[in-house]
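Given below, in the form of structure tokens, are the structures.
Two complexes follow with chain A in common, the first pairing it with chain B and the second with chain C.
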Partner chain A sequence: MTLLISHRPARAAALAAVAARLFQGLVVDAPTTQNGAWLSALIGGMLAAPWMFVISKYRPRGALFIAPLGLYALVDSACVLAAVTRSAGYLALDRSASLVLLIPAGLAALWCMWRNGDAVGYAAMIWTRIAPALLLGVALLQWRYFRPEWLRPVLGAGWPSIIEGGVRCAGWIVAAFAIMALPEDEECVSSFLPVLLGAGIAAGLTLLQFMLVPTQLGGGWLNRLDALLCNGRTPLYLQLPMIVLWFAGLFHLLACELFAASACLQRLLTKLDGKLCALLAVAEAIALSRVGVLSAYGIALSRWGFAAIGTTTLLSMLAGKKGGKIPCAKSD
Partner chain B sequence: MPEREALRSELSTDLNENVNALRALLNAGVNADAQFRPLRLSGIDLCVVYIEGMADDKKLSDFVLRACNERAQVDVAPLDAQTLMRDVLEIAQCEAESRVEAILEKVATGMSAVLVDGCGEAALLETRGYPARQVNRTTNESVVIGAQEGFVESLRTNMTLLRRYVPSYRLVTECISVGTSVPCHVALCYLAGIADGAIVDAVRRRVKAIDAKTVQGLGAVQQLIEDSPWALLPQMLQTERPDRAASCVMDGQVVLLADNSPYALAAPITLFHQLHASDDSFARWQYGTFLRLIRISGMLISVFLPGLYIALTDYHMHLLPLSLLGSIAEARANVPFPILAEILIMEFSFYLINEAGTRMPQQIGSALGIVGALILGQAAVSASIISPILIIIVAITGLGNYAIPDYGFGIGLVICRLFVIACGAALGLYGVCLAAFVMLVSLCGMKSLGIPYLAPIAPMRAHNPDILLRLPVWMQKRPMFFSAKGKRAVR
Partner chain C sequence: MRKIGLIALLACAALLLCGCGVSGEVENQAYVLVLGVDRLDDGQLELTARIPKIGKSKAGESGEGGGDYLTFSASGGDYPQALDALEQATPRQMNLSHIELLVASEALAREADFATLVSQIAETPHLYTTARFVVCEGRARDFIEAQETVIGTRLSSEINAMLEHYAQRGTIPDARFADAHYLLGSVYGDPVAILGATARPAESPALSLIGPSSPTEGVSSPMGQRFFGSALFREGRMVGALDARQSMLMNLIRGDVRAIPFECDGRSYTLTVEGRVKREVRLEDGGMALRVTVRLSTLDDVCNEDAARLEDDLEIALRDVINECQRVGAEPFGFAERAAGHFTTLDAWRAFDWRAKYAQAQVETEVSIRNPA
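This part shows the complex of A and B:
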């Protein structure tokens, strides 16, 4: 089995993944959530967009590019997997061993990857149509509890913090967008639209969240998750759509990043079967997510991830001038 | 001569030799219904071979025997099968055949073979006249408004019904025989120029590639040619309604009919086709759209409601309004089983009543529903085996399932529901979301004759607005995306 994905499903998967990763990063992962986080999302989008345009246009194939990209997607998917299981544990299953929560998510991701990339991408395409309806439900159920005045001060801790957050966001985008480097069909319209659109959606969602929960609350990862899922101001039974949104968004993100990691692995080791690559990627992600320090370092890693992938892309492009790149066919 | 060689041989010019060979192959000594009727015409011996009951006696006596007797003294020499068909027999549909196997296959289906002494060919006459059920009202796909006729077991009648609904010279009905040991005749029906050639070729290729010894009807054909035989949901549409089959043909789908199968198979289809009913096209577009939304809700309720119930009551009580939580707790106070056991008992009882009701004679079946629903349910609640709220949940779930027009699709959804229940019981909402995600990706990976199962939503295709919802008829100008015209429009 060869792990393949066409351009259109990859674009949908990238859009869903970018929005979910930025939202997760800004609202739950980031240690200090400030009002300016939504601006960080937009800046991150603008920082990453040129690189992602280059990746989707030239899609370098050399190991110099594929290896770090796959590795980075894998590490980030481990962070997402950890977030999934911690969320599950927080909601009801806190007495279950983390491995018991990790394995079902891993198996689900594995099953999805075995259906191949188009299935993952088309599922994301459907998700991008369902999610707005759910989001509308969330907004309607909680509209009485939104407090726009909590968005002040707009810049939060100021521009340095916003820009630092922007670089972090760019790193998350790189991992979520990795899937766009994989399509090999002729129809490969180079596009950074998923990046900008995803960043815009994440910024909007972050704004909505900040109107429900004051950002100054701080606290640990679980406190921030608590503020997201059960913000303490709306009746708990109104939180169901939000929980569904959160889980479904993370599952799509996880499948997208793990698929990118598996496909990169198969492109490096061409003799490996795609199913085996997917299995290896899932096993590695589960193992990595068991490392307790990973989530703490996930924040720092994202900054370096952007720099590392940016550099390897540049180097691959330079190498590509000697014949190492595959330019896209023009789409009509 | 061994049987295999005898079958592959051709007729000789000696009538006695031919008759003896056919007698041996048809086990005429034991087979009471294999008939060999000798005749004489213009001084030449003939023999009519047919199966009693399968061939119509009246047709044989009126248009074969009488025709031969009336011309017994007329000189029609030289007499061979072609002359016989042209100058003597009064049957409209006939053909000459020399291969023994082909002759026997046709005779077994009710045709008659006339063997002529001195001629190496037999005249095969269309004399089929076996008893068959009359065209009647449909039993499983009832509609409030619209045509009421249903397919029957006779392939010929079904093809005629389809032609009646699609009176077009473009309608092609290709007959293919499948089954290497016992043949089953399958008719491939499509509208030339409307159905996509690649899809027609794919169906034809798959049907011809069936190498099973016996194929019992369209159910077996479906399993042998569908894209993902391991998938829970069917990738072909079964319908017992000629009007619906006709609608599929006119949309550019390929319809399969077969001997002894009182329904048709249509492909390619999408998930949304499984939620269509014939009423939709007869009703005004607002009603059609509304009913489709009800069916979609029914499908979602059928799959997710029990799983959500168990997840919420077992793991996420805080997500239930306090008054509802109080009612549930009160109702469950005396129930000794965990919620999972309670749900499984109820689901199992429901399927049991359902299955028993289906198999029982019609007169008892209706009584069984009352016994199951009222007496058993009431007794179970009184005995504190199950809680009343669960009866409501299972009843709504069952209703949701019955709202789905396609029987096979409904059963597939029941299995999906059990999967969701298991996930919800094990992992709560996390499990339900995980199950939904896995099912969504699985659906996205499925195809029906190469057409994505969730098209035209994913992948997005320009389409006739009569797939997911049903918009006004005057807006339904665009051809279906899988038809030849639809593909051209996309290109």
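This part shows the complex of A and C:
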């Protein structure tokens, strides 16, 4: 089995993934930018847009490009898997072993990948049509609790923090958009619009969340997750849509990044079967997510993710080896 | 055929939605409706839980439905220990996801590290933080034990309907525990809580908190509890209280109430809020001015002179409420959020020293009343 994905489903998967990843990073994982988080998302989008333009137009394929990209997507997927596990632990009253909580998400992603890339992408496409309806319902029912005053001071922790957050966002975008480097069909778009759109959606979601919960000076990961899922005002009947939005969003993100990692692995080791690559990626993500160092990754390593992948992309382009790039046949 | 099989398979998967672990039967759960926190004389923290019995009690077993609810208490050195002891004391799996009311005794709320306790409670897994937040005079346990169903048959709906009613009248704030938790740790204003007391004779200090013109004074009620005002917080602890009338005016400034009764020259008027109540903060040379603009209407007969007097009286009453809060250093009105808008970063906002300036701020109120008839 060869892991393949067409351009259209890849774009849908990347869009769903980037909105979820930026929201996870800016609101739950590392809310260091406070009220300025939405600006960080937009800055991240603007930083990552040229990279997106380059890979969609020139489509580099060399090992120098594929190997770091796949590895980076794998490490980021492990962070997402860790978030899924902690969220499941929160909902399961913390009475289940973390491995038990990890495995269902890993198996679901594996099953999805074994249906190949278009299944991952089209599932995300369906999700991008369902999620806004769910979100609209939740937002309308909570409308009277939104407090725009809580978005001020508008720059939150200030420009240095916003820019640092923007660089981190660019790193998360690269991981979420790794899947866009995989399509080999003729249809290809030399555009950076999906990145900007994804960043814009994430910025909007961040603004909505900060209008429900005021800028906090403390609180741990689970506290922030609690504030996200029920935010202290949501009646019990509203918590299900919020939980569905959170878990389904994370699941599509996980499937997207794991598929990118598996497909990159198969591009490097062409003799490996796609199903085996997917299995290896899931196993590695599970193993990585259980390593404590990942909690530090969200803050520290993500700052360098964009710079590292951007550099290898440029080096790959400059190397110009045979098969290093595939020109677009047409664009829409 | 294959698609039909797949649909049938997915439909069967819905059977797994109840989970694949040990099922949580309703009868195996102890749903806590009210949770109270007290500080005992020996320094221990006491938790009290009001839990409904599953099914109806037998005839004659309960008086006014009181037998349908049980009260459990347990104490410990700190909150985690007390919660653990309470779980041990409760003969079923304690479920905190349906709490309607969180009650803290006033003595505890006035302790310096009360904010830490609020955070610990809020971070309890699956505790329903949307519950209303009450500070009660005396012991929280006595307050909770006095709680019975009076009009309704279920305590949960009784609590909700009762507090919604009082909040709509404006005599108490619509204070949620989550709001208290968020505001205690935020950079904005201060939270408020509902003030309550166990029902006692009319001469009790609790009832004397209600202003002389309060419509609840001298009322006879079978209720075992009274809710009559707001508890004010500053820097994580309770620092003062507003009576029912002051709470009504506070709710008017916050924009949480649509109509209030107001007395002037021995006559009572019903005033309805027109549009939004405007709260502004002006930063002046080193100081600050707070301004409230309220537009009201009334269907009562009111001549121009009466309207002018009514406006003056209400302006003074609003200023008095703000001044009272300034005196104790509490800011429940939402001025801080507006003042924060003058700054671009949190550091600049913190450096502004809002609290010191708020205490000294000039207060301006503008009330206009018209009779559309």
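Basically, the second predicted complex is superposed on the first by the 322 of 332 C-alpha atoms of A that agree within 3 Å, B and C clash if a C-alpha of one lies under 4 Å from a C-alpha of the other, contacts with A are read in each partner's own complex, and residues count from 1 in each chain.
Just so it is clear, contacts are C-beta pairs under 8 Å (C-beta built on N, C-alpha and C of every residue); 3 or more make two chains touch, one makes a residue touch a chain.
Remember, predicted model here, so these are calculated numbers, not experimental data.
Aligning the two structures on chain A places chain B and chain C in clashing positions. By the touch criterion stated above, A:A88 is placed in contact with chain B alone, chain C being left untouched. Of the two partner chains placed around the shared chain by superposition, neither chain B nor chain C is touched by A:V174. In the superposed pair of complexes, A:V154 makes contact with chain C only, with no contact to chain B.
By the touch criterion stated above, A:A73 is placed in contact with neither chain B nor chain C. When the two complexes are overlaid on their common chain A, residue A:M125 makes contact with chain B while staying clear of chain C.
Of the two partner chains placed by superposition, A:A48 touches none, neither chain B nor chain C. Only one of the stretches 421-429, 439-447 or 475-483 belonging to chain B has C-alpha atoms clashing with chain C in the superposition, and it is 421-429. Overlap of the chain B and chain C interfaces on chain A: residues 93, 230, 235-236.
Across the complex, chain C is touched by residues 34-35, 90, 93-94, 96, 147, 149-150, 152-158, 213-220, 222-223, 226-227, 230-236 of chain A.
Chain contact summary for the complex, chain B toward chain A: residues 315-316, 318-321, 423, 426-431, 433-434, 436-438, 440-442, 444-445, 452, 454, 457-460.
Residues 21, 97-98, 119, 122-123, 125-126, 128-130, 176-179, 181-183, 185-188, 334, 337-338, 340-341, 343-349 of chain C are the ones touching chain A in the complex.
By the touch criterion stated above, chain A contacts chain B in their complex at residues 8-9, 12, 87-88, 91-93, 101, 104-105, 108, 111-112, 115-116, 118-123, 125-127, 129, 230, 235-237, 239-240, 243-244, 247-248, 251-252, 255.
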